[in-house]
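Here the structure is laid out as structure tokens; the discussion comes afterwards.
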Amino acid sequence: MNLAEKYLSIRKYSEQICEPLQTEDYVVQPVVDVSPPKWHLGHTTWFFETFILKAFAPGYQVYNEDYNFVFNSYYETIGNRVIRTDRGNLSRPGVSEVYQYRKYVDEAMAEFLTQELDAEVYELIILGFNHEQQHQELLLTDIKFILGNNPLFPAYHAEKTESGAASSENEGFLTISEGIYEIGYSGSDFCFDNELNRHKVYLNQFSISQTLVTNQEFMAFMDDGGYQNFNYWHAEGWDWVNSNHIVSPMYWHKIDGKWFNYTLQGLKAIDLNATLTHVSYYEAYAFSCWKGMRLPTESEWEVAAQQFNWGERWEWTESAYLPYPGFSKAPGAIGEYNGKFMVNQKVLRGASVATPEGHSRITYRNFFHPHLRWQYTGIRLAR
Amino acid sequence: MNLAEKYLSIRKYSEQICEPLQTEDYVVQPVVDVSPPKWHLGHTTWFFETFILKAFAPGYQVYNEDYNFVFNSYYETIGNRVIRTDRGNLSRPGVSEVYQYRKYVDEAMAEFLTQELDAEVYELIILGFNHEQQHQELLLTDIKFILGNNPLFPAYHAEKTESGAASSENEGFLTISEGIYEIGYSGSDFCFDNELNRHKVYLNQFSISQTLVTNQEFMAFMDDGGYQNFNYWHAEGWDWVNSNHIVSPMYWHKIDGKWFNYTLQGLKAIDLNATLTHVSYYEAYAFSCWKGMRLPTESEWEVAAQQFNWGERWEWTESAYLPYPGFSKAPGAIGEYNGKFMVNQKVLRGASVATPEGHSRITYRNFFHPHLRWQYTGIRLAR
Amino acid sequence: MNLAEKYLSIRKYSEQICEPLQTEDYVVQPVVDVSPPKWHLGHTTWFFETFILKAFAPGYQVYNEDYNFVFNSYYETIGNRVIRTDRGNLSRPGVSEVYQYRKYVDEAMAEFLTQELDAEVYELIILGFNHEQQHQELLLTDIKFILGNNPLFPAYHAEKTESGAASSENEGFLTISEGIYEIGYSGSDFCFDNELNRHKVYLNQFSISQTLVTNQEFMAFMDDGGYQNFNYWHAEGWDWVNSNHIVSPMYWHKIDGKWFNYTLQGLKAIDLNATLTHVSYYEAYAFSCWKGMRLPTESEWEVAAQQFNWGERWEWTESAYLPYPGFSKAPGAIGEYNGKFMVNQKVLRGASVATPEGHSRITYRNFFHPHLRWQYTGIRLAR
Amino acid sequence: MNLAEKYLSIRKYSEQICEPLQTEDYVVQPVVDVSPPKWHLGHTTWFFETFILKAFAPGYQVYNEDYNFVFNSYYETIGNRVIRTDRGNLSRPGVSEVYQYRKYVDEAMAEFLTQELDAEVYELIILGFNHEQQHQELLLTDIKFILGNNPLFPAYHAEKTESGAASSENEGFLTISEGIYEIGYSGSDFCFDNELNRHKVYLNQFSISQTLVTNQEFMAFMDDGGYQNFNYWHAEGWDWVNSNHIVSPMYWHKIDGKWFNYTLQGLKAIDLNATLTHVSYYEAYAFSCWKGMRLPTESEWEVAAQQFNWGERWEWTESAYLPYPGFSKAPGAIGEYNGKFMVNQKVLRGASVATPEGHSRITYRNFFHPHLRWQYTGIRLAR
């Protein structure tokens, strides 16, 4: 595929994710972290328009000046924006207008990509691809939230499964010996700035599970009163459990004494053998304490992950999201991409069933606040 | 018109109000007081289904059991419901499903209304008509809020005006002499329980304006620093002004030094001669203080209104919303209609450009919390 | 007593109320509505200093310029002030400094009061007396709150009772016939501006209880599930019950299956024959609904109260706190006394065991927000 | 000193810190993080009573059973407690009662400490010493907050300075070469569980300043618009600056165009040469960005600190507060000491002018949430 083909292929996939939706599903924002699908479609388009076409395509006509206000996410450099909590209050631009906006920008981009590009522009385009892929993952998990928190529990798609391509061939724990290892990206393809620089870390000997925690294992924690025993929890986690009345992973519902969970196929009885998902860091930590184990650090994970399958769930690590040695932000708006979030968040490693093909790397550092669980998060134990 | 024709005519008008909308406009709830249009359409339908068809139509099949949860507004008697703040989080049932629900219930109602009805059922049906008409007024003002708070300021309809049929023929103040008067409903047609019983009140002599305050008059208050001078305000009003940074009526925007306001026709320069609207009780009170006057009580209003034109704006009164002598609630869910709101609200009298034809009465008591201003509220001075 | 003697007698009583306190008790503010006792002592002193001595005593030296900031309550005219929620954060000025401040101002006032005074000053002084007496009532109820919400439940005074001088001689209901009555103050002694003007009201025939509701009667409401049945409550009252988990009047505690309440003498078993107290308007209303009766309006109360004993509990009425016909605010800071609170509050009539001698009148209008109950509030039924 | 002498010496120092206080100063809690001094005095006493005397002294009579409720801080194992925000609402037990409680427990402890003690008890006693010393530091900084946020700005003590014993002999940056280092405690004296285990880390070459940032250097950041430029801030830091209107370090006040700060000696003109203090992590990070540098990690700090003076300010590091390899919690209540706070906090290294003698170690890990700044925090730059 050439660059224009690659562009159109990635762009098309965002729209494919939305195919099962009704118009109304594109509009709502049930909680602040979940954006309306039409916002994702507009925002990723705005990204190409703003950082590529406005900046580098001579004579490009902006589609609608007001869209900068509507579709900017958090780039302070680029001016004011609709505050995040208000995204679900906007009925306009409507869904078909957003698709027209996409079409307009896609045509301009397709033409633009036929030219010879210098390195700076090329890098921004590749960043735009990766940015859109990140939003594709959010798009699917946000859609799941929108449908899964509706009292009618509509299915997203009758055949869309949530179990992974990555189930393990091997059971049991893997032991890695003490010593100096290297982590971080070192290749010549794309990576995010937060994966740089590749650097040495010293690890003590540790063991790490080759498989992810299943629903059955987590239900044993629940049955043993795990959500009611403060000993397993961080003080903040214990507050979170109690003020939100948490008694199970997200999307689980006890109906007539039996546990069900909402999946992309609708409400179903819990599959005990399936890989656990939709837990917060607090729950992942409490579960590991109850097991007498712990979560791996991101260094341990990256070193060990060469020897086990991964990619079904984003895996909470014990590591805080912090800059690697020698990390530096790019100048301008692109520099706002990662660095300014490096406080009070935890690193997740791996990828998930919602991650678009070609968008996972062993060095990839995902990050969320510890209470969030609407992504396909999971637990891998270490000790 | 017979009862079935009347029913269908009222029901059709709700849908006519929504004709200019895009599907997305039916879904959002920008603030808690503004409900999504599709919720209004569903809720008024649920009212007839629950209180008429389920209760009195033998063999009626409920359209969808889950809709009781989705479309109940505040009737504790009828079971659990989606909490009010969450109405805008529901993409399903979708707009076309809601219209199908309306169709299903309308057909059942039309058939039901061909029978002879006893008095109890007849009264409930008439209440249902009035209930739907109340929601028609909210529907239009909620739509205005949804469109008018969108950064693209889309017009509702190019020809829909907001000035009233009720502009006054006479200027100046009318004087009513001291004495005993009667207020409250006494006829044999429909009225709400809160308009009963007709009873005597003693009024001192007072004067009341025959016209409503205009934009020009209110702008003089603004120009004189009315929003910056605590002397004109209630303590709670002053807090409201300062914590919400209020500097003008709702929908007013100062652009390049000139005042515009959003109307159903879109954003326009302020029409100085138009009747002021979208002010809170706090603003109405502060304006009257600045003028050295006051707002009328609801008794004064009802007595005087026989001698002036009204119906363009809901007019804030100085009266709190309280039961009339001898007021009693109906038994069951219908008894929750009015009585339980009789604390911490102010009475508004009159009607507005959004009030459906045939739904205004000189004894009608509307009520809102003092900070609200998304209805077509206005000011009439007394002294 | 001459004016200076009267002044010193009133001022001394504030300090007598505080005699049983430890220094620490003067300092805390457990909730926003309860002010620290030393703040009351300072604020009432500041009132005389600001409105009398600074304004009218030539050569008076302000005790400490910073005290204006510390002890102003809500007078916007007089400049900035410590916000109300922060009163309990101030350890300085300390208790003995506040008593020195009182001594300094009292000496200056005593000297000032030896002169001939013109009418304006005289009126302000009388207002200052009444202002201090209002704070004496708050002082005692705030102290009760401070001690009664302490987990050690310290007694205020072993012999201080809370039952009234006003227990009724007569039982049963009194009937007042329909007609025109006059309410409001008409004498030549002091009254607050909100008691003016005396004016005519038209009352329908009504009956009103000659006695206040007792603990036993209220316990029957509790035993009948009154706090669990939404039918008896305003919508706002029902929210208040549920979000605050209200199951009894304030200061009641169920210990080992038996009800106790905190009194000024400490924690004691409920006295069933005692007059109920510490209920909110919401509870008073709900109780009256459960009884199939209602609360009196303030007009009804004032007309009927000539025929029964009152003064033990402040009695919630159905009336909202609104201006009487012809009400007008005084110019300047004194005008902020009453008028600016005339929204969203309910009128209470009578007086209570905490009311200082000589500070009650049949026309007196007390007012609080409907959820408050730390005053000695009570219930009198009407129908 | 033997153990009993050591006990009494540490206990006495807590009371010495409080000597300049008035009774009222012991009571208030202006913000949730600042506890009333009398609470600190009671809580540290409760610690010895609960974990030593009740557990190990046969026949010990608890002073007052209710004090467990009043003086427990966060030990879920030990039962219910006054919630943290309510500590400032308690006037009782009073200051002299708390001193009597101290005396009672001190006498029992002094007698208890004359015995031969087994290792478990000995360790708990040493933990109690360190616990009391931690509270001594909080006691002084909480007192500073209580006095420094009072509008009268009372001095704590005319001769108490805040500049350090630790000012540096050397200027400029120190360079540490790449390699494996060891951090964590390895001696045989007391350390907290979070300092264990000593373990290897791999560090890249780095440079670190031998001196702390001064007021003058920080004022240059302010003058250059540092608080107004989002580029220097984390997204959360930028929100913190804007929602709290932060324009300077804590305790700084601009009066008539000149900067003052509140110190333990009262309000004084800023000393430009003094070491900067009372900044949050967000400010420390933003300042380092503006300088084109960064904060050190805790590993870097511990390795380099052998070569520079420290101890005047707690120094923010870039490190999140996380368990060291092999960390494990002690069983029971003591296990709640550190581990349950290991999320969403940053590590500070060093010590401060408020740290009691003998309570600092190069391996000591202090931790606070990133927005807090009422401790004597400071900035050391790295690159």
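Labels A, B, C and D are assigned to the chains in the order they are written; within every chain, residues are numbered from 1.
In the analysis below, a contact is a pair of C-beta atoms (placed from the backbone, for glycine too) under 8 Å apart; a residue touches a chain by one contact, two chains touch by 3 or more.
A quick note: this is a predicted structure, and the numbers were derived from the prediction, not measured.
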{"item": "Most widely separated chain from chain B, with each centre as the mean of CA atoms", "value": "D"}
{"item": "Chain centre separation (chain A, chain D; CA means) in Å", "value": "37"}
{"item": "Where chain C and chain D are represented by their mean Cα positions, the distance between them in whole Å", "value": "44"}
{"item": "Separation of mean Cα positions, chain D and chain B [Å, integer]", "value": "57"}
{"item": "Shared-contact residues (touching 2 or more other chains) in chain B", "value": "none"}
{"item": "Those chain pairs that satisfy the touch definition", "value": "A-B, A-D, B-C, C-D"}
{"item": "Residue ranges of chain B in contact with chain A within the complex", "value": "22-30, 38, 66, 69-70, 82, 86, 88-95, 146-147, 149-152, 154"}
{"item": "Chain A contact footprint on chain D (complex, rising order)", "value": "74, 76, 180, 199-202, 204, 230-231, 233-238, 281-282, 285, 294, 318-320, 322-323, 325-326, 335, 340-344, 346, 370"}
